[in-house]
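Each chain carries a letter (A, B and C) given by its place in the written order, and its residues are counted from 1.
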């Protein structure tokens, strides 16, 4: 398979001793477009995103990224590939005793050569998401919605090739959702491969940003009716 | 003697290495019969993950055994002679240990060589994510087990044999060997004089340096390269080891006719043995690495570029190590000549 | 797509992050630091003590005769004919300065003392200017006399004698002369029950110490009676073996302490908040190598200073001027300690071994947690840590 973007080939995942969460899934997510995946709770949306992002390894099948079976790569190669992935988690996974800026710059610490440019970019993103002065604030002083926006900035700071988001608007109001959609459009225009998992009606009703809307079933991704 | 702190440290390292190795071996024995690289099923994915883990385990085993080996050499050469009556250097300690002592050194050296070959294969394979040499890695790691078993078994016999009660006759062993009672030594001492061994050591080191430089620059891969490298390595090894004992030793010990390899390690002689034999070990390991890289490059075209890079790296290391060896072994001879205006023989 | 990237061992950004990370758990870091320093101090103490005792034994025995010949019989030691023994020993090529010695153990006022005879200046080294004891006089060691030099000393052997104490042997040589009484040959002969012309043993030297072992057969053959011949190297070897055996067993005793520390390190690394954070770092793009380096830097930032301070503490405990606990604990001596010496190679070796015995298992535990962090799937860690 030599297709750009992300692809799943007979993808399966099961915890030991339990029935598969995902089984024999085939799907493709092209670069330069945003895909929305919706499904009832417990269907495995987060698991799918984790598999696509290389956070979990499938128990069967493969995940392909830009024509390479990255899920079967040894850890050193897979870790380096994962630097191209920006991820927003459903539970945010921000480090509570660090400041906002520290959380945002976390992905860059091992590889950064110039912090000035990164801080500048982080400031611009925070401003775009209505958090202009939050840089030095401890994370604990922010509300749930603000923390979610910090998580989004953390995912975008490295200009990822693959942007994966799990319920990114669960704590956002309409303005926040609108700002996020602008960022998604910019990322897609940058030829990133964007995949969003959400059952937010505002996103399902959005027609301009998402080139593909799918519904997740255990063994398939069907177009969302 | 088994209670000596260094002996305990060696045991600790050996046992830890064994525990890790057994974990790896268990995995490898389950991986090898079930390896199907084209399959996407759960079993194959488990095999791939387990193989990845064994790469880390193998590295740890190599590190621990290398540390144990160095400690063993330090113990034999400098710490235990004062405890064994009649022992003045490692020769006496090895005499007290009996045959298991020398066997431990040999088997562990072979184990380390085997593991280093494995590591080179892992390094070449690790430059690409596809894992072309997965099965080869697995087999190579398992092949180290017989040497590990023999090494640990010999160690278990050698260390308890070290006793403060039974005296040894350290120098007599060396002179018996030099007098021709050992078949290898008889061949070497009768074959060339000490000055001839010195010059052959210098010439061989020069040739090795040149060859290493050439490989470091070109990194050629071919059957001819393997043959030349292997032949040159063998020649260099014979010349270097005998050159040290018969050609260089008189100038370091400032005594004619004392071909003892272990006296080099004594602090009285500035422990130059660690430098000399350390460089010999580096040259051997990297020459071996070069051979492995060339061989991998010949058999796996897709890895030819990475194998060539490793071969070049090995060539450069061989070049610098043999150059250092040449310089460090020539130094005492030159120094003697400058001081006294003549050769010691 | 080849993913080969240049390997970086040193990363200033990661090192600073590691330092900040340690400061986020100040209590644990401090406890770990103190525990490591303590265990290292203990290990270094044992090893430095071994080294210093070995060095001291070597230095002292360097002044001993190369060979000592004793006459033995069915019941053990027997006195020998001094002149005959001297003549026979002198007949062996390579033997220098054979001299008969009279010495033995007798009862003193506070326990056994070692009685040594002097008979002419060339047989015994005393600080010049000290008068040799005449008949009825004695020089006593610091352990015999205590803090105040007594006027008389009562000794009981084959006979009982009361000798006048004319001086005290120097305290700085206490490790050798602690329980020694130096007396005139006549008094010693009587106290030890030696007949006229008899001696306790024969001491002799050789041209080169390494030749001593080679002379043993000829020496044994030179005497008409059974002898036990001990070389200096043999005696030293027994001392050193005993010291190293005791050290080894002491090192084993440190094992459980070390294991406790390592268990805590591993447990904190694997479970709890630390594990979840590892998952976050992996999830946002830190590679396994980055995680290993982070753990390595954290381990080194705590471990290196702790172990350095530990070895320094051990060194001070042994060698700080006025430290008397070692001779009190080991030898039951009061007063100034005997002269402990440490060679530079010996101390370097002891320090290095202490760092290895403590540092290697500690770094292995740090690596183990780092390796688990590097090897596990970030998704698993995140879900497990929540």
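Observations, loosely collected:
In the analysis below, a contact is a pair of C-beta atoms (placed from the backbone, for glycine too) under 8 Å apart; a residue touches a chain by one contact, two chains touch by 3 or more.
Quick caveat: nothing in here was measured; it's all calculated off a predicted structure.
If the chains shown are joined wherever they touch, the resulting network links each chain directly to all the rest.
In terms of Cα centroid distance from the overall Cα mean, chain B ranks first. Separating the centre of chain A from that of chain C, both taken as means of CA atoms, is a distance of 63 Å.
If you average the Cα atoms of chain B and of chain C, the two centres end up 33 Å apart.
For the pair chain A and chain B, the distance between C-alpha centroids works out to 50 Å.
Each of the following residues of chain A touches two or more other chains: 57, 68, 73, 75-77.
Multi-chain contact residues of chain B, defined as those touching 2 or more other chains: 52, 129. In chain C, 1, 3, 375 are the positions where the chain touches two or more neighbouring chains simultaneously. Those residues of chain B whose C-beta lies close enough to touch chain C in the complex are 1-9, 16, 52-53, 56, 67, 79, 82-86, 88, 127-129, 164, 167, 169, 267, 306. The residues of chain C lying in touch with chain A in their complex are 1, 3, 5, 11, 13-14, 17, 24, 277, 279-290, 374-375, 377-380, 382, 386. On the side of chain B, the complex with chain A involves touching residues 40-42, 45, 48-49, 52, 55, 126, 129, 131.
Against chain B, the residues of chain C that register as touching in their complex are 1-4, 47, 50, 58, 210, 213, 231, 233-234, 236-238, 240-241, 244-245, 247-249, 251-252, 345, 349, 353, 356-357, 360, 364, 371, 375.
Looking at the complex, you find that chain A touches chain C at residues 50, 53, 55-57, 66, 68, 73, 75-77, 79-83, 85, 87, 89, 91, 93-95, 97, 106-107, 109-110, 112, 154, 158.
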